[in-house]
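Pasting the structures here.
There are two complexes below, and they share chain A, which is joined by chain B in the first and by chain C in the second.
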Partner chain A sequence: MKKHTFIYWLFLLPSLLGVALFYVFPFLFSLYYATVDNLGDMRFAGLENFADTLSNPLFQQAAGNTLLFIGLCVPLGMVLALFLSICLQRMGRGRVPATLALLIPLVVPSGSIVYFWKVLFDQNGLLRKLLLQAGFSPEIVFQNSWAMGILVAVFLWKNVSYNIVLFWSGLVWIPKTYYEQMALEGAGAWRQFINVTWVYLSPTTFVVLLMSIVNSFKVFKEIYMLYGPYPSTDIYMLQHYMNNQFQSLSLPQLCSGAYILFLAVSLVLLVLFRLQKRVTDTYQ
Partner chain B sequence: MKSKHIWAGTIIWLAAAVALFPVIFIAANSFMGGGEIVSRYSPEMLPTNAGDFTSHNIHFVRFGLIPQEPTLEQYRRLLLESPGYLRMFWNSVLIVAPVLLGQCVLAPLAAYGLENIRWKYKEAIFFTYIVVMLMPTQLSLVPNFIVAGWLNIRDSYLAIILPALFHPLGVFLVRQQLISFPKECMEAAALDGAGPFRTYSSVVRPNLNSVVAALLVLLFADNWNVIDQAVVFIGQTYRNPLSVYLGNVVTDEPGMFFAVSVFYLIPALLVFLFGQEHLTEGIALSGLKA
Partner chain C sequence: MKTVKPLCSLLLVLCLVFTCAGCQNEQEALYSQALSSQTDEASAQESMPESALQSSEPGDGLSGTLTIKTASYLKNSSINFLAEEFMQLHPQVKIEFDYELGEAELNSLSRTERNMRRDSYYTQLRLELASGEGDYLLYNVQEKLDLPSVSGLLEDIHEYWDSDPDIDPEEYFTPVLEAFTVGGKIPVLPFSFKYNGMYFSSSILQSLSADAGSIQSVSCDDILDWYEEARKSDPQLNLIFTSPGKDTLFAAEKPRYIDLENKTADFQSPNFIRFLERTAAVSNEDPELDPESEIGISDPELMNEKLRCLYTGADPSVTLGNFAELFGHLVTASRPAFAAQLDVGLAEMASALHPMEYVAGPYPYTSSDGKLGITSLESFALPVSCKNKDLAWAFMKHCVLPRDSVDFSHMGSRQRYTHDIPLSKTNLRNFLEDFAENGVPMMITEPRLDPMDLENTTEVLEQILSMPLVNTGAYGVDLQDYLDEYYINALTTPEQCAEKLQDRVNIWLHE
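Our next item is the complex of A and B:
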C-alpha cells in the first residue's frame, strides 16, 4: 500500500496545477503589481497604492454600500430561511412539491426575470401604484432612496432557498425525542425552539452565516441586470469598483483593491471559522 | 397539533407562490404580442414636475398575466427572425459544456488523490482550495485576469472556461463525500491486487455518481447564469452568452423579451427538474462544517 502513495499525486496533479496557475500563483504575483507605481515604469511604490485606494472616495462609497447591503441581507435572509425551514418541518402533506417550488429561484438565470422586477419596482411600477392607492403620500412613494431596498428584496428572492436547505439539513439531525421530552415537561413552542432547536442548530447557523456572507457578493448579477454597468451611487458596490478597474486596465489600482478586499474577507471568515469551531465543540 | 400543521403549510405555500410568481409572470407574458407589451409596460408619460405626482396623472404599468390576444408572435420572431439570440444561446452552451465535462472528470480524480496521498501538509492544500472557493467572484477574477493576459486569452471563452473548470468547488464537494467512504472497501480492493487506478475506476468512482450529479447541477445553475466574468472578458456583444445580453433585450427589444427569457430559462428548469434531489444534496454538502 505504502509504496503506491506517490501515484496518488498523479490523480491530484491536474487539478492542483490548474488551481495554482489560475488562482494561487497569479494572486501571489499580483502583490507585485499592487506595490509598483501607477505610471508604467514599475518603480517600487510600497504601500502607496493601498493608501490611494483606501482614500479614494469611490472606493469608500463602494465599501460602505457593500457593508450596508451585507448588513441588511445576511440577517434578513437568515431569519427568513430559519422561519421557513421550521415551517417546512412542521407542515403536513405536500412538502416535496412545496420544496420544489421554493428552490426554483436558485436556478432561474438572473436576466430571465429582470422585466418582472422592473414592472414591479419601476417609477411607474405596480408597487408604487399599490402604495399610492393604499394612501401613502407621493413624496414617500416616489423618493429615490428605495434602490437598496429593492436590491435586498431581489437578492432574498433568489438566495433564501439556499439557506433553507442548509437549515433543513441541520434540523433533520435533531432527534424528535428531545422535543417530546420538552413537551412532557410542559414547554410551549417558543421554549422548545429556544432550548432545543436554537441550541442544536447553532453549528448549522454558523455555516449559514458564513455561506450567506460569501453568497452576498453574488448580488452583482442582479444589479448588472437591473441597472447596467453604471448604477447610481447609492448601490455602487465593491464589485463595481473592481469591475471599473478591470476596464481601466490599471493593474496597480486593481491589485491593491483586490488585496484589501482579500484581507477583509479573510479576516471575517477566520473569525467565523473560530467561532463555529468553538460552538461545534461545545454541542457535539 | 393539527392546526399547527395547517399554519406551517399555509406559510410555506405562500412562500412557494412568491418563489414561483416571477417565472409564471414571464411565461404568461411571453404569449402577448409586441404591441400589447409596449402599451402595458412602457415607461413613458412620467410627469417631470413633482407637483403632478398624483395617481391619475401617471401612466402606471398595466400589470397582467392573461394576454388580450394570445399569440406566438414573440416565439416566431425569436426562432425565425433573430439569429443573434440563437447564437448567444449557443455561446452559453459553448461556455457551460466544457466546464461541466472537465469538472466531472477532474474533481473526483483530484479528491481521490488528495484523500490518499500521505504528506504532512496535505491539509494545507485542502485549506487553500477552500479559501479560493470562498472568495467573491470579483476577487478571484483578478488572478484570472492576470493569467489570461499572460496566456493571451483575454477576449476568448477560454478566459472564462479554464478558471471555472479548475474552480475548487468540485474537489471540495467530492472530498466531503469521500471522507465518509469506507476505507475497508479500498483496502479490500488493494488486497485483491487492484492498483490505485483499478480501485478508483471500479470501486470508488461508481460510488461518487450521486455527488458528481449534485456538482453538475450546482455548476450548471452557476455557469448558465455567468455574468461577471463575461462582462470583464468578452468585448463584442454578439460573442456574449445570452445570460449577459438579457439585460439589454429588456430595453432594446421589450416586445420580445419574454420569449427570449423563457427560451433561456428552459434548460435551467430541465436540469433542475431532473436533478432536484441532487441540488439539495449538493447545497447541504457545500455548507462548510469545521
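Our next item is the complex of A and C:
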C-alpha cells in the first residue's frame, strides 16, 4: 500500500509542481508585493496599500460597476437559460435547429462576436446609420449610460447557451413520472415547475450560479475589444483596474486589489455553499 | 506489431544518443570559448600598467561603465560630447549609449513606425525598471514615461542635489527644478529647458490695437479672442502657421483642467466646453503643404519670411538664402496665419530683443489660468536599479555644473553645450555673451545681442520663471484619440468629447 501511495504521489508530482509554480507561489508572492510601498524602495507598508485601494474612488467605481454587471447578468442569464432549456425540452420538431442557433454564440470566438456587435453599435455602425436614416437621434443609444446595457446584451448572447447546456443536463435527469403524478393530482404547469422542476434542479441551479459568476468576470475580453483599456467610467470594471495597473507595473496596487477581490469572492462563495447546503438539507 | 515496438524504442534511443552527443559538443565548445575569453581578460588586466588602473584625479575613485539609455540616436547631440569630455577627465570611466532607434532606422522608418517603436521601447523600459534590471542612466525620457507612476522606481535627485558640496542652489534656476517635482521628489534632472512660446503677426496685432511691446504673456483665451476678432476681416485666416492641428492649443491648456495634487479633473466645466467649441471653429487648412514634411513646421522665422513675401512681393528663393530649397515651397504655399507656436529656447529668448519685421514675439504662452508649461529634452533620470549610482551622479553633475565654454571647441567641434536655456545661470550668461560677440544662431538671420541687453534678458527670464510653472511631461495622459474623434472626425459633440476626456483623465489620475 505504501509503495502504491508513493507511486501515486510520483505521478501527481509534475502537476503539483506546476500548480505550485504557477499558482501557489505567485499567490503568496503577490501578498508580499501588496505589502510594500513601491517596487523601488520595497519598504514594508503593512495594510496601507489595501486601505489606499479601498478608498480609491476609481476602485470603488470599478467594484460598483462589476457588482452591477454581475447583478444584471447572472439572474437574467439564469432565468433566460432555464426558460429556453425548458422550451427546448418541450419542443418536438425544430428542436435541433433551435439548439444549433442557441449554441452557435458559444463556439464562435469572442473576436468575431465583438466584431459583429461593433458593426451594430459602433460610432460608425449600422444601428447608428439606421436611426439617422429613420430620423431619430442616435445619441440616446450611444450615451455612456447605455454602454452597460450593450455589455449585458453581449454577455447574455454569448453565455446563455452555456447555462442552457447545464440546465438541460439537469432537466433530463428529472423522472417524468413525477410530472405525470402531479398532473394526475390536478397540478398546473406552474405548480409542477415549483414542486418538481425547481426542487430537483437545485443542485444544477447552484452550479449554474457559480459558473455564471465566474463567466461574468471573463467578459473583460469583450469589453476590452469593444472599448479598449480605458472605457467610460460607467463600464470601467475591476478587470480594467487590474489590467491597467499591470500595464503600468503598479504591482502593489494590483496585488492589493487582487487580494481584496479574492477575499470578496471567497466570502460570496462561502455564503453560496452554505445556502446550497441548507436548501439541499431542506428538500431532503 | 511485435517488431514495431522494439524498433521504435531503438529509434528513440538512437535519437537521444545523437542529440546528447551534439549538445555535449556544443556545450564543450561554449565552455571552452568562455574559459578562453576569461583567461584573455585576466591576462590583459595583469598586463595593464599599474598607473592605468588609477584614476586621473587622486581620490576620484570613478571607474566602470555607464550606459546611457535613450529612445533615439542623437547624432551631433551635446550629450555625446559631454560623455566624451567626461571620459577624458576620468580615463577609468567608459560611457556607452543604448538606442532603440538607430540612425538608419530614424531615416528609413515613417513617423507612425517610429512612434510605434518608441511606444514599445517605453513599455520595455518600464518592465526593466520594475524588475530591477535598469542598470543605466536614462536620458530624455520624461515625456513618455508617465512620471507619477514610475517615480518610485527612480532615485530622488533631491538627495544628491542637496548633499553635494559642488552644487550651489543659488547658481541654478530652482523654480524649474521645483516644476519637475512629483510627489515631493525630483525624479528627473534637466540640464536645460524650454518654455511654451507664441509669436504673432505684427500687422494683425496692430490692427487689433494690441501693443506688441507691452504684452507680458498670452493665454489661450487671449489668443482665441484676438484670432476671432482678426478673422472678422479675413475669414480665411489660419490660427497657427502651417496648420499643425486644431488641438495645438490643448497641450498648454491641459494643466488648467487637471489638478495633479488633489487628483481631480474639470473637463466637463463650461469653460472647457467653450474652449472646445472655439478651437473647433478655427480655420486650420493648408491643402498645398506636404503633410509629412511641411504641415506643422510652425517656425516664426519662416512665418516672417512668408509675410515678407506677401507684403513686399519678395522672392523667397532670395530671402531664404541657403534654406530656399528646403523651405521655399512652404513659404510660398502656406496660407497666412495669425500665430506661430514654438517653444522658447536660448536663441528664441535672446532674439526677443531683436524683433522680426513682421512677427512679434516670443511671448510666454500660458494656460488660461496663468500656468506656464516648461519642458526639457536634455534631462536625466536615475533608476533605483542602477548599480553605479555614484558614477551616474558624477556624470549628471558634470552636465549641470557651470562651464567656461559654450561649445566643445576644445574637443574640435563647434557643437554647442545646449540649444535650450541652461539650468545654470553662469552657463546662461556665457551664452548671452557669446551671442553678443558672435550673433544669435537663428536659422535665417543671426542678430547680434547688445551687451547692454545681457542683464535685461536675464531679468526677463527670472520674471518669466516667477510665473506658476508646470512640467508638461507630468501631464502625459494620452488623449489624442478623443481629440482626433472630435476635431478631425467630428464624431462627438463638445460635451461628449469633454465627458470622454474627463473619464479618461479620472482613470489616469486614480490608477
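Going forward, the second predicted complex is superposed on the first by the 250 of 284 C-alpha atoms of A that agree within 3 Å, B and C clash if a C-alpha of one lies under 4 Å from a C-alpha of the other, contacts with A are read in each partner's own complex, and residues count from 1 in each chain.
Following the convention adopted for this analysis, a residue touches a chain if its C-beta (ideal position, glycine included) is under 8 Å from a C-beta of that chain, and two chains touch if they have at least 3 such contacts.
As the structure is a prediction and not an experimental result, all values here were calculated from the model.
S.K.: Once chain A from each complex is brought into register, does chain C clash with chain B or fit beside it?
M.R.: When both complexes are placed onto chain A, chain B and chain C end up side by side without any clash.
S.K.: First (chain B), second (chain C), both or neither: which does A:250 touch?
M.R.: Touch partner of A:250: chain C, not chain B.
S.K.: Between chain B and chain C, whom does A:194 touch in the aligned arrangement: first, second, both, or neither?
M.R.: After superposing on A, A:194 lies clear of both chain B and chain C.
S.K.: Check the residue A:51 against both partner chains and state whether it touches chain B (first), chain C (second), both, or neither.
M.R.: A:51 contacts neither chain B nor chain C.
S.K.: Is A:79 touching the first partner chain B, the second partner chain C, both, or neither of them?
M.R.: Touch partners of A:79: none, neither chain B nor chain C.
S.K.: Just chain B (first), just chain C (second), both, or neither: which does A:92 touch?
M.R.: It touches chain B, and chain C stays clear.
S.K.: Check the residue A:101 against both partner chains and state whether it touches chain B (first), chain C (second), both, or neither.
M.R.: After superposing on A, A:101 lies in contact with chain B but is clear of chain C.
S.K.: In the superposed arrangement, which partner chain does A:230 touch: chain B (first), chain C (second), both, or neither?
M.R.: Second partner only.
S.K.: On the superposed three-chain arrangement, identify whether chain B or chain C touches more chain A residues.
M.R.: Ranking chain B and chain C by residues of chain A touched puts B first.
S.K.: Is A:24 in contact with chain B, with chain C, with both, or with neither (first, second, both, neither)?
M.R.: first
S.K.: Closest pair of CA atoms, one in chain B and one in chain C, after superposing: how far apart in Å?
M.R.: 5
S.K.: What residues on chain A does chain C touch that chain B touches too?
M.R.: Residues 123-124, 251, which sit in both footprints.
S.K.: Give every residue of chain A touching chain C within the complex, in rising order.
M.R.: 37-41, 56-59, 123-124, 144, 230-233, 236, 240-241, 244-245, 248-251, 253
S.K.: Write out the stretch or stretches of chain A touching chain B in their complex.
M.R.: It is residues 1-2, 4-5, 7-16, 18-19, 21-27, 29-30, 33, 83-84, 86-95, 98-119, 122-126, 128-129, 132-133, 138-139, 141-142, 157, 161-162, 165-166, 168-169, 189, 203-204, 207-208, 210-211, 214, 217-218, 220-221, 224-226, 228-229, 238-239, 242-243, 246, 251, 254-255, 258, 261-262, 265-266, 269, 273, 276-277, 280 of chain A that touch chain B.
S.K.: Can you list the residues on chain C that touch chain A in the complex?
M.R.: 126-127, 129-130, 132, 146, 149-150, 152-154, 384, 485, 491, 499-500, 503-504, 506-508, 510-511
S.K.: Name, in rising order, each residue of chain B that touches chain A in their complex.
M.R.: Residues 4-9, 11-13, 15-20, 22-23, 25-26, 29, 41, 43, 45-46, 50, 53-55, 58-61, 63, 106-107, 109-110, 112-114, 116-118, 125, 128-129, 131-132, 134-147, 150, 162-163, 165-166, 168, 171, 187, 190, 195-196, 200, 220-221, 224-225, 227-228, 231-232, 242-247, 250, 254, 257-258, 261-262, 264-265, 268-269, 271-272, 276, 279-280, 283-284, 286-290.
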